[in-house]
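Chain lettering (A, B, C and D) follows the sequence in which the chains are written, and residue indices restart at 1 in each chain.
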Amino acid sequence: MNLQNSDYASQASPLGGGGGIVRAGIVGGAGYTGGEMLRILINHPNVEIAFVHSSSNAGNHVYDVHTDLFGDTDLKFAAELAYNIDVLFLCVGHGDAKKFLEANPIPENIKIIDLSQDFRLKNDVSSHKTRTKEFIYGLPELNREAIKEAKNIANPGCFATCLQLGLLPLASKGLLNSEVHVTATTGSTGAGQSPSATTHFTWRNDNLSVYKAFEHQHLNEIGQSLKQLQAGFDEPINFIPYRGDFTRGIIASMYIDTDVTEADALKLYHQYYDAHPFTHVTSRDIDLKQIVNTNKCFIQVKKHGNKLLIISILDNLLKGASGQAVQNMNLMFGLDEKAGLKLKATGF
Amino acid sequence: MNLQNSDYASQASPLGGGGGIVRAGIVGGAGYTGGEMLRILINHPNVEIAFVHSSSNAGNHVYDVHTDLFGDTDLKFAAELAYNIDVLFLCVGHGDAKKFLEANPIPENIKIIDLSQDFRLKNDVSSHKTRTKEFIYGLPELNREAIKEAKNIANPGCFATCLQLGLLPLASKGLLNSEVHVTATTGSTGAGQSPSATTHFTWRNDNLSVYKAFEHQHLNEIGQSLKQLQAGFDEPINFIPYRGDFTRGIIASMYIDTDVTEADALKLYHQYYDAHPFTHVTSRDIDLKQIVNTNKCFIQVKKHGNKLLIISILDNLLKGASGQAVQNMNLMFGLDEKAGLKLKATGF
Amino acid sequence: MNLQNSDYASQASPLGGGGGIVRAGIVGGAGYTGGEMLRILINHPNVEIAFVHSSSNAGNHVYDVHTDLFGDTDLKFAAELAYNIDVLFLCVGHGDAKKFLEANPIPENIKIIDLSQDFRLKNDVSSHKTRTKEFIYGLPELNREAIKEAKNIANPGCFATCLQLGLLPLASKGLLNSEVHVTATTGSTGAGQSPSATTHFTWRNDNLSVYKAFEHQHLNEIGQSLKQLQAGFDEPINFIPYRGDFTRGIIASMYIDTDVTEADALKLYHQYYDAHPFTHVTSRDIDLKQIVNTNKCFIQVKKHGNKLLIISILDNLLKGASGQAVQNMNLMFGLDEKAGLKLKATGF
Amino acid sequence: MNLQNSDYASQASPLGGGGGIVRAGIVGGAGYTGGEMLRILINHPNVEIAFVHSSSNAGNHVYDVHTDLFGDTDLKFAAELAYNIDVLFLCVGHGDAKKFLEANPIPENIKIIDLSQDFRLKNDVSSHKTRTKEFIYGLPELNREAIKEAKNIANPGCFATCLQLGLLPLASKGLLNSEVHVTATTGSTGAGQSPSATTHFTWRNDNLSVYKAFEHQHLNEIGQSLKQLQAGFDEPINFIPYRGDFTRGIIASMYIDTDVTEADALKLYHQYYDAHPFTHVTSRDIDLKQIVNTNKCFIQVKKHGNKLLIISILDNLLKGASGQAVQNMNLMFGLDEKAGLKLKATGF
C-alpha cells in the first residue's frame, strides 16, 4: 500500500474532541464487522467516512458486497489508504491487524480502533514489534476514563464483552470467590463470512453444538479484566460455548456460589451500570432477541439458593464488535456516547 | 374514553409544517405496528410522543410489552386520550379504527394516520358514518403531493405496498395489458400478535403454506391504485400469498406479458422512483433480507422472452406499515421525508 | 367413559411375550406424544392399534389432527375405551394420567405405559389412590430387567432421559462426587401443542431464553435414579434449561470434577452402554441434529483438566417420550428392543 | 477404478424379481442423495448394501461423513467397485454419471438407477456414447409398467417430480390448454453439500430469493413427460423457483385456465393416483412439513373462478431423489413398492 498523501498531518481534521466531524477510515471493510461499521457510520451525525479499504474489492461499490446498503451510499472500496483521517478502524482478522500495522506505520495523530484480538492482552509479547503503540482495552464499562484519553483501542471480543458485563460488578467488590460456571451460545455471524462446514445452512439450521469447551480464546482477556478489578482473582472460569442456529446475538448464563443476597446483588449491578447508557440490569426474565440489532446489553440477576445466576445478552456484531468500536470512538472524541448508536431493535 | 383536556385546540402545538416538534399520539400501542411506531418515534428528531394508548395495558411501562425498549424509554401506556397533539396514529385492528373514530370524535386540527384497512377504499360505503373525514391513500410513491396536503391518511397494507411498488411504473404508462401473475411470501408478523395454529413455532418453523389464494383482501386497494394511474385497467391480478417461516419481510415475484424491452422497463422504473428516497430499482438479483428492518423497497426488473419479471421486497412492518406511516407523517408536516427512518438494516 | 366390552378379559390377546401381535390402545392421541406414538405404531411390525382415544376429536380421522398421516391410515379417534388390548399408552398431560386411572379402572391384565410424570417418583404420596398399581421407572438403560417383568411403566421425562443417560455410568461406579453442572436446550415441542407467548413463532424464531433455572421438575426423577445406582449421592445438580429455536431435540452439556481419565471414562461409558442398542458413546464432537427423528441418544465424553465434560443429545419426542415408550413396550412383550424403532434420521 | 471381481456374472445374485435379497452398490455415497440412499437401504427388508463407493472418503466409516448413522452401521466407503451386485445407484453430480459410465462399463445384468440428469432426456445427443444403454424415465406415476421392465432408470429431478405430479392427470386427459404458471420453493439440500454464498447460514436464514426464473433446467424433462401424455402440448410453463430458508422439501403452486370444475378435477386426480401408494390428493389446505422425511407427495386441487390451482409438496431428497430411486428399485425387482419406504414423518 502506498500513501495517497504523505502530507497527512497538515490535512488531518482539527477535531479536538469538542464536536465537529470525525473523519474515519475503515480497513477490512468487506467483512461482517466492516459492514456493520459502515451501517452505523453512514448515519452517524458526527462522522464522515474518508475511505473504506478492501484489497479484494477495490473499485467495487460498497453495496456490491453489503447489498443492503444499495440506495444508502455510493461509496466504493479503496485500494489505498489515506491518512487525512482522525480515526482508523481495523476490521481485519485475528493476526492480520498486527501484520497490517507492521506494514503500514500509522502516524501518531491518528487514533486506531482495532477489532481483532491482537492487542487485547497487556503481556502478549508476540506483538512487541507493534508495541510502540499503546492500546487501551476498549470496554467502556471497565475503562471509560482511560478510553477517553486513549490513543489506540483494542476492542473487546464478543463473548468477552458478554461475559465481562455479567461479572464486572462482582469483581469490583471482590465477590468472585468460587468457580465461575458459564454457558453461552453465539450466532453464526460470530464465525465470519467464509463458508465452512459449520456455517452451511443445511448443517446449522435447527442445530446446536458445543465447541472449544473450557478453551475459548476469550478467556484470557476476561481473566485480565477481572483481575484488574479484583486483584487476587484466580478462580477457574468454566466456559462452554455453543454454536447457535441464529445469525446474531449471544446469550450467556453464569453462576457462582455467594452469600450475597439477590437484593444486594441487584443494587450492586444497578450502581455499577447506572452511568453506562447501553448496559441495563433487571430481575425480570430476558431473551436473546431483545437486544438484536442494538448496542445494548441486558443483564438479569437472580438468586437461587446459594447460587447467583447472571444472564447476559448482547448483539455479537454491535455491542460485541462494531457498535462498541463506535462507542469507543465517541468517547475518544468527546462525542455523545450514544451518538449514531440509537439503533432500532429488530424486535422480532 | 374521556378527554383529558377538552381545551385541546388552544394547546395544540402550532407546528405549521415548517419544522418544530410534532406531538404524536398512538392508539393501539401494544400490538406489533404500535411497537414499531414506538421504536421509530423515540429516536425521531422531530417528534415528541404525547401518549401511547392501550386499554389492556394502561399503567404499564411500554417496555413491559415491547421488552426490547427497556433502557430506551420510561413511557407508560395511557388509559385515556389527550388531544393536545398534532397527529394520531391508529394502530388497531381492521374494523376497529372505524369503531374508534365513531366513539371518539377527533378534532379536525389533529391529523390521523390509520394503519388499518378501514379507510383505504374510496367507495367503501361501510364506513360512511366516519366519512365526514376524508382519507388520502398514503402511498407516497403514488400520492406524494396529495399526502403533503392531506388531513388524514389511510396507510396501505403490507402486501398492497409491495405489489403496487412493483406495478405502478407500468400502470403510469398504461402498460398493464395482460393478466398479472403474482406470488408473494410474508413473515409471521403479518399475522399479528395473537397466537394461533399457523403462528405456533412448532408448526411454522421450516414450513411454507399457501393461504387466501386469488382472494386476498389487499387486491382491492391494489386495483384501485392501478386504475388511478391506468384508467381502463381491468386485468385479473392472480395473487398467491404464502405464509413464510421468518418473522419480517415480504418478497413478491410478478410477471406480465409485454413487448417493452428490459432496458426500457429499467429506464421507466428508474424515472418513476428516482425522486423517491426509499424505493430503489436494480437489474441485479435481490433477496429478502436486504431490506429487513429498514423502510426501503428494492425492485428488480428483468425480461425473460415476452415476460417482464418484477421482484419486490420490503419489510412488512416498516415500509409495509409503521415506517410508511412515519414517512407519511414526515410529508404531511413538511419534514425531511427520511427523518427518523434512516434505519440500520439487520443485514443478516 | 363406558366400557365397550365388559368381558374384555376373555378377549385379551394371549400374547405371552413370545412374538405375535400386541394390541395397543392410546389415550390422549391428539397431542404431540400421541401423534408420535401413532407415527411409530402404524409401522411397527408387531403392533395393532386397537383404538386411539381423544375426547375432543372423537369421530375425526387421525389425519385431521396429525395431517402428515394422510394416506397412511384411516383410523379415527374413538370416544370410548376398549379393553380387549394388551397395552395402554397414556399420552395425557401431567396430573391427568392419575385422574384418568382413578376414573377408569384398568384391568390388571392390561399393561400401562404412562408418559406423564404422575408415577415416576416412588415416594410421591399424592398418587396413593392409584398406587394400587405398581409402576416401574421406564428407562431401559437403568431398569431393563425390571421393565421386562413390569406390569406398568412410568415413562421418563425428556430432559430427565437426556441427563440421566449422561450421568448413569458415573453413578454406577460411585463417581459422582462433586456438584454436577448442567445446561440443556430443548425444542419447542417440549412445550406442547397449546399456543403460548413462548411458542409464538414471531417470538421464538432465532431466540433463546432460560427458564426454570435450578428448579426444573425433572430434577426429582434424575436424583432418584442416580441414588438408585450410587446410594449416597447427594450432590447438587445445577441445571439451567433453555428454550431453543428449533422444534425437536435436546442437547445437554454436563461436567463434574473428577480424577478419572478420559480413557477410563470412555471405557466405563462404553461398557455401560454396549448392550443398549440406542445409546452410543463417542469421543468425537456431536451436534443436535444427528439424532433428530430417531430413538437414539449420542453421548460424547471428554476430559478438560480436572473436568469431565459429557454432552448428551436425543429427540425429546422419541427417546425422550414416545420412542422410549415403544422401547419399553418391546421389552415388556419380549419383542426385539428395536422393533418399530429403526427410524430414518432427518439428518439435515 | 479396477474390477474387484472380473467374474462378476457368475456371482451376481439370482434374484429374479420374486423376493430374495437385492444386492446394491452406491457410487457417490458421500453426498446428500448418497446419504439418504444409505439411510433408507440399511433398514430396507429386501436389500443388502454390497458397497458404498466414494473416492474422497475411501476407507472411512460411513458415519464419518453421515454422522447420524453412528450406531446404525459399520460400513466403510470403498475405493473400488464390485460387480457382484444386482443394482447400482449413481449418486454423483450432473455430468459425472455419464463420465462414470464411460470410464466404468457396467455389465448388462446390473441394473442402473442414475440420480443425475444425464439420461433423463430422450433426445439428448450429448450422451450418445453411453446410449448403448437404454434408460427409462423413473417416475412411477407416469411410467410404472415400463419401470418394472426397465434395465436402467433415469431418476427424475426434485422440482421435476413435484411439478409433474401436479400436472400429469391434466395432461392425461389433454386438459393443459393454457399457459401454466408455477412458483416453487426448495430447501437448501437441493443445492448440495458444497458450501457456497447462497448456502451460508448467515445469508440464508430467514431469507428467500428467486433464481433461474423461467430457465430452470428441469423444464425440459417436465415438458417431455407432459408431451408423452398430451401429444400436442406446447404451452409455456412459466416457472419461478425460489430458494427457501429450510433444509428439506419443495412446495409448488401451479395454475391454469380451464373450464373443468373442481369436482371433476378432484375426481380426475383421485382416479389418476388411486393406484399409486405415495401420491395423495386432497381438497384441504396442505403445508410443506406434512411430507418432510417421507416418500409421499400431497396434492391439493382447488378451483378459483376460471383458474385451477394445484399445490404439490414433497421431500426433495426422498420422493424428489433417493426415495423415488428406491421406489423404482422396488418396482424393477418385483418387491412391494413401499418396501423400505414406510418412513416416519418428522411432523414438526
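Just so it is clear, a contact is a pair of C-beta atoms (placed from the backbone, for glycine too) under 8 Å apart; a residue touches a chain by one contact, two chains touch by 3 or more.
Keep in mind that what you see is a predicted model, and the values were worked out from it rather than measured.
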Of all other chains, the one whose Cα centre sits farthest from chain D: A
Between A-C and A-D, the pair joined by more C-beta contacts: A-C
Separation of chain A from chain C, taking each centre as the mean of its C-alpha atoms, in whole Å: 43
Centre-to-centre distance between chain B and chain A (centres being mean Cα positions), rounded to whole Å: 35
Averaged-CA centre spacing for the pair chain D and chain A, given as whole angstrom: 48
Per-residue overlap in chain C, given as positions that touch at least 2 other chains: 32, 188-189, 202-203, 205-206, 245-248, 286-287, 289, 292, 348
Interfacial residue positions of chain C with respect to chain B in the complex: 32, 188-189, 193, 195-197, 199-206, 245-247
Interfacial residue positions of chain D with respect to chain C in the complex: 32, 35-36, 39-40, 43, 66-71, 188-189, 205-206, 247-248, 278, 280, 282, 284, 286-287, 289-294, 296, 298, 317, 342-348
Residues of chain C defined as touching chain A within the complex: 181, 183, 185, 202-203, 205-211, 213-215, 236, 238, 240, 242, 244-249, 251, 253, 255, 285-289, 292, 302, 304-305, 307, 309, 311, 348
